[in-house]
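Below: a set of structures, written as structure tokens.
Shared between the two complexes below is chain A, which pairs with chain B and chain C, respectively.
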Partner chain A sequence: MYGFEAMTFNIHGGYLEAIVRGCRSGLLTASDYNNLCQCETLEDIKMHLSATEYGPYLQNEPSPLHTTTIVEKCTLKLVDEYKHMLTQATEPLSTFLEFITYGHMIDNVVLIVTGTLHERDVQELLEKCHPLGMFDSIATLAVAQNMRELYRLVLVDTPLAPYFSECITSEDLDDMNIEIMRNTLYKAYLEDFYRFCQKLGGATAEIMSDILAFEADRRAVNITINSIGTELTRDDRRKLYSNFGLLYPYGHEELAVCEDIDQVRSVMEKYPPYQSIFSKLSYGESQMLDKAFYEEEVKRLCLAFEQQFHYGVFFAYMRLREQEIRNMMWISECVAQNQKSRVHDSVVFIF
Partner chain B sequence: MERQESSENGRESNEGISVKEENILNFLDSVDGYLILMDSLSSTLRQGWLELASARHSMGASRINSTLFDHKLHPASTTLQVNEQSAGPDRELPHFTLCKWASSNNPEKYFEEAKFGEDELLKKSNSLRHRDISHNSGNVCFPTFRFDCLGKMTRDQGFDLEALGSISMRVLKPVTNPLEMVVEISNMRASLLCAYDQVQKDMETATK
Partner chain C sequence: MGERGREGCCPPMDLMRSEPMHLVQLIIPIESAHRTISYLGDLGLIQFKDLNAEKSPFQRTYANQIKRCGEMARKLRFFREQILKAGFSPAVRSVTEADLNLDDVEVKLGDLEAELVEINANGEKLQRTYNELAEYKLVIQKAGEFFHSALSSAEAQQREFASNQSGEESLETPLLSEQEMTTDPSKQVKLGFTAGLVPREKSIAFERILFRATRGNVFLKQAVVDNPVTDPVSGEKVEKNVFAVFFSGERAKNKILKICDAFGANRYPFSEDLGKQAQMITEVSGRLSELKTTIDAGLVHRGNLLQTIGEQFERWNFLVRREKSIYHTLNMLSIDVTKKCLVAEGWSPVFATKQIQDALHRATQDCNSQVDAIFQVLHTREMPPTYFQTNKFTSAFQEIVDAYGVAKYQEANPGVYTIVTFPFLFAVMFGDWGHGICLLLGTLYFIIREKKLSSQKLGDIMEMTFGGRYVILLMSLFSIYTGFIYNEFFSVPFEFFSRSAYSCRDLSCSEATTVGLIKARDTYPFGVDPAWYGSRSELPFLNSMKMKMSILLGVAQMNLGIILSYFNSKFFGNSINTWFQFIPQMIFLNSLFGYLSVLVIIKWCTGSKADLYHVMIYMFLSPTDEIGENQLFPGQKTTQLVLLLLAFVSVPWMLLPKPFLLKLQHDRHHGQYAPLPDSEESLQSESNQDSHGHEEFEFSEIFVHQLIHTIEFVLGAVSNTASYLRLWALSLAHSELSTVFYEKVLLLAWGYNNVIIIIVGIIIFICATVGVLLVMETLSAFLHALRLHWVEFQNKFYEGDGYKFYPYSFALIDYEEE
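Moving on to the complex of A and B:
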């Protein structure tokens, strides 16, 4: 029953909640980012990061440093923390933690299939996969000829199997179908995660519902904007929207028929939580939309830590770390390309 | 009489000097134009690299990486034509022209090239995975950008849907300007070399 988690949560989840709150205190602050933004070279960035929790992961990296190396090592730290939490977790927290990685699993499946379609070496593709989304039979994806085989040979034994029911066709895999498959899988995953959180109930359901609803709405907006002017029909576009969220169902009906960004804006401005996001954009502009969405997401994720005895803190921590890695990647690229004037375009401060 | 001859000689030498000066000015103008174009290309490419990093930041490294590039053989969507233009009595100047796919001025040529591309693709592709082109009525879809003669993306089938999620049109604009700039630089370089040849000949004539 909601409100009584304080009595029982710490029995199984207390240790890990303490761990994740401790990890949260290691997130980079605004002053860290200001120091990083003033670096002249990637070596300077490495030097500044040596004083943070990333220090041990970067200290042995030889010069010259590359931006992908920095991102890779930061991601490795996140993976180590995640694996520690997963090994210590009991049900239902362990299932919750596994749900967090299914998005990366979907991205890895699509990466392997796309790369194989483009005749890339499987080993090269495996190196590009996100470590959080790896599973045992992932290399076997390269032999599948269509979605039916993809499911039958590989994915039937993975957690993604239930999400394939809407994707299974005998159509050959090509770039178009793969993108539709990606978006359909992600939709099914989000809905399944939402249902799982609802079943958990209590503060977890309340907090995760808000975060996942925002994710679903953001996806709907991105799919709408990216499909404007393409051959994707209104019905096909509508099918890719998740069946929950603030925009469901009336907002989705309006988004499905949008033909330009200003129409999307007029739809979204009817919803108060998104008015502030679209008010920051000038008419016809969409470049800053991603940053605005990231900022809103970070705000909601930080709010998850204001309450105790729920699993939302784990999801929030993972997402905040991923945002931090994105920030690191952007700062590194701007420094490496000598474009420091643009460094604040995409950095989202967490604290 | 002598004064007339000397004035005629003076006029001829003045005209010769002005022609030589004109050649030098042409050469210097060509060099200036060339350097401006090179600087402009460098700036555009620099901007392109940052836009690519921005796309990777926005969509994730797993969606923007080298696996998006197809290792299969495809007919070129953009070709370069080299013509010879007359630049004087004994000289020909190479002239470069960019020919883009799906030119709205020449739809028949587009379909011919597309059909040629389709046949070549079917012969050369060894992969069992192939795009179902039977219902495309001769229009072949390639996972590349296609442009019309104005340098803007066309709404050709296949490409547009690939933009859904695979590459966000919002964050990664097609890089058409550098190609045109490179062709312009090539033409400018050709005229620069031609002007340099002329200046060199003038100098040789002067030393003789």
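Moving on to the complex of A and C:
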């Protein structure tokens, strides 16, 4: 359903949409990637990036460079842009923008909790956290011993609190439980985000529901593949799937009973949009699946820019930048470890 | 054909056409390449072409050197940051000596950076300890107060309790208290506590989390620290609270410690014993003062180091920037297969040939190179860049033209005429010698302080005004001139050159009417007779004069434009344009609007009362009718018929022959083989460019283009002439506005005979004059003059599709970086 957003959108959203489209045109291009892939050292990468929008962020880095520095600085740029947009945004765009970071927040919570479980230093863990998913009391997570404490002590103050209601058990934290917690949280988050976008209506709802449905389906497939051969029961697995998306509900029923990757494949091939993804893979292979999904996602995100007057562009831009940073990380790692033959394996081009 | 301006008969006219350029090829031995480029950079008269465009930056020959320069530039930025942070300013650029060696500087910079980093690290460490101790001291003081007050209140309670006990037992006495008080001390739970500092903004969350984590079994006491405390970790000033947490049990302790860590709350050991506290304080204070002296010594050392860096900083910076640009340029050269020499290609003005060869020769000698660099001119069909040698006076005018479009190589440059016509057209709209003098004073300030102002950074708007100071100078001079013609000084007419030519016939005539005026003296010698002002026919007279004047100026300027198109076609040897564009255009414009101008002049000279509108309109509507009372000169009807016919003929003349002739030319050109080029190398260079030279000939396209061009000219002749009427409109607006301000503000206030009102009136008058007339009117007149030049004048001849000559020059590089 279309609202009349074209009439009023620019009152509040016009400036930021212009900003985000401007930022988007700063994404690295195919020729940039070509040049980056030919780099011999990390200094070459820096030199090349200095001609792009990353230039000011990298120019004061002393040699020798490390992959982490490059990634950190690139992320810093994304964070700066995000903060700029967030401070300029009005409701409901600001809520929408905040929603984008919740995914990182969940990842950070899981990272800290897992890290403490394995007795890692909190400061060290904090450095690894994604800066977009930071919240005030994040370091306190280390105090918590079980889910209930986790919720009561820390998360109750964060926007994640409502999502937690489904996974409050007094079970101790162990790897399995944490993973289940992550997926439950993610499910609740995606559903909430989906509802929020539906509430916004118009082109935002239309575009975001497509993107989020894809995200939900991808998570469902990943959950299934990762839980094959673990003690997770079928019912529990079923509970982790988000209640929307192309696969909902019948695909979920089928995925829940899958026992190996080929069964997943046969389920997914019934859905035309995913058929092409799976048809690229040979039987029994799941390594390349991630890349295939990323490519599909990038394609869909780029399509979001084809329409105007909706918030999907913000989500799409953030995701595309993140993909770009992942690419950069992969390229720099390959260059740093002298594995240049593998450089094309995991790079997803954004056009 | 390029040497025209320098033949000796006439002074060089550099601005008329852009400098003749040629494409030169330099073959430079690799050992002297660096020095050659640096000499050429000093010279700044050659624009190198990028011969390695397909290579990415790090695949080029000198990528490593560029990386090194980048690294040095980073170090220099680091130094600058440190110097600025320490409150020094880098010394103003000293005279640069060329004896600095890049390698030495690199080593030196590396050493200095390492030293500085080490000093910084040590200083930071010391500072951190210092800050920690300072915090510790605060904790001891503040937390000591807790204990002290707790102790005294406990004592008071005890006393109270004792007094209560001694008295009769009341209902309020707790039943258990006695028991509690007398419990055996061994059973008493020992309360643990920890004390420290927490950032104030986090203190509430801290308290909340503590409460939640221990389920309320905690006692937290906080005290505000008044002054911001320097945080030892981040080194920033933060508002903090001192806290003391009391808890019981080992598990609670672990939790609380973790929470403290998570909140960045620094804990410090603390003892309950008052005596120990006092001892600690003295100890800490002692260490603090010790540290302070150490830190101060370190700072002095660091300051000295930075000072020495600061002295050299500009020199290094200069060197690094130059070196980087040299290597960038070297990267644009293609390297010979034998790796013995570099091949450069670039544009340079023809007059610079000698200088370039000189520079090459000097470089070879200074490098003791065996082989001289080779300089040769290449033949090409590529369009050379446009280069005007401007000075500080002409550059602003050239900018005005370039803002529209950079002239095609060697095409007639409207910039020359703009120098006069632009300020003049401006002044026609801004004619008031009072305002002109104000502008003149303002711009003279800029010009007198030119040296000082050009070296410092100005604001955006100031920068623009300063850049156009000579334009404004001419504008103000011209507006003083037109102001005398209009006879307006802040809208007040003066009898400046002689008495007014008119005077009253008798006493009954008033100023408000011209009826009673008779011409008593000679005509007023210069400009408008002041008697017109204030009379009833002031506006009709001035309007008619200004309107006619606008048309005269417009027709003159458009004619100039068309004549320039003749010079263009003559220069480029394009006779088709001369015969089938220039001549019919001249005829068309002048048979209509040229004729109108002639009529205007005749009317002025003869004082005829003919209606020119009528003449012009009926010249088209019924050319054969008698003109009657509107006759201005004998034979007017025949003249008009001829002119009309000429105008009608010139339209198809413009439209039809040119495309057909072009087609003919094209066919003939392709019918025969092209003559062989003279030498091998020109063949080579031309074969590269041939694809550009022969474009597809599409007759229909050419024809449509010509059609559009013709329609545009014919319609444009009318609309452009009308467009020049803006000269009249703006000058009318200007004079009316200034009249309003003068009469309705200044004279009105004067009439009250009250000092305060007069002062207020003068202030308002000054503000309005400056704000509205001097700033806004100047801007609007400027913009309209700009439009008249860009559209009405330049569309007659100006292609403006060239590109600017951008030489490799150190002077430009230095200027840019600043």
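Going forward, the second predicted complex is superposed on the first by the 349 of 351 C-alpha atoms of A that agree within 3 Å, B and C clash if a C-alpha of one lies under 4 Å from a C-alpha of the other, contacts with A are read in each partner's own complex, and residues count from 1 in each chain.
We adopt the following convention: contacts are C-beta pairs under 8 Å (C-beta built on N, C-alpha and C of every residue); 3 or more make two chains touch, one makes a residue touch a chain.
Everything numeric here is computed off the predicted structure, so don't read it as measured data.
**Q** According to the stated criteria, A:Ser63 is in contact with first (chain B), second (chain C), both, or neither; which is it?
**A** In the superposition, A:Ser63 contacts chain C only.
**Q** Looking at chain A, does chain B or chain C touch a larger number of its residues?
**A** Of chain B and chain C, the partner in contact with more residues of chain A is B.
**Q** Where does A:His48 make contact in the superposed view: on chain B (first), on chain C (second), on both, or on neither?
**A** A:His48: touches chain C, not chain B.
**Q** According to the stated criteria, A:Asp136 is in contact with first (chain B), second (chain C), both, or neither; which is it?
**A** Only chain C is touched by A:Asp136; chain B is not.
**Q** Is A:Leu111 contacted by the first partner chain B, the second partner chain C, both or neither?
**A** In the superposition, A:Leu111 contacts chain B only.
**Q** Per the contact definition, I'd like the list of chain B residues that touch chain A in the complex.
**A** Of all residues in chain B, those touching chain A are 46, 49-50, 53-54, 56-58, 60-63, 65-72, 127-132, 143, 155, 157-158, 160-166, 168-171.
**Q** Would you tell me which residues of chain A are touching chain B in their complex?
**A** Chain A residues touching chain B: 68, 71, 104, 107-108, 110-111, 114-120, 124-125, 128-130, 145, 171-176, 178-180, 182-183, 222-223, 225-227, 229-232, 286-287, 289-290, 326, 329-330, 333-334, 337, 339, 342, 345-346.
**Q** In the complex of these two chains, what residues of chain A are touching chain C?
**A** Contact set of chain A toward chain C: 35, 38-40, 43-44, 47-48, 50-51, 59-63, 122, 136-143, 149, 152-154, 157.
**Q** Note which residues of chain C are touching chain A in the complex, please.
**A** Touching chain A from chain C are residues 56-59, 63, 66-67, 70-71, 74, 77-78, 202, 205, 209, 212-213, 255, 258-259, 261-263.
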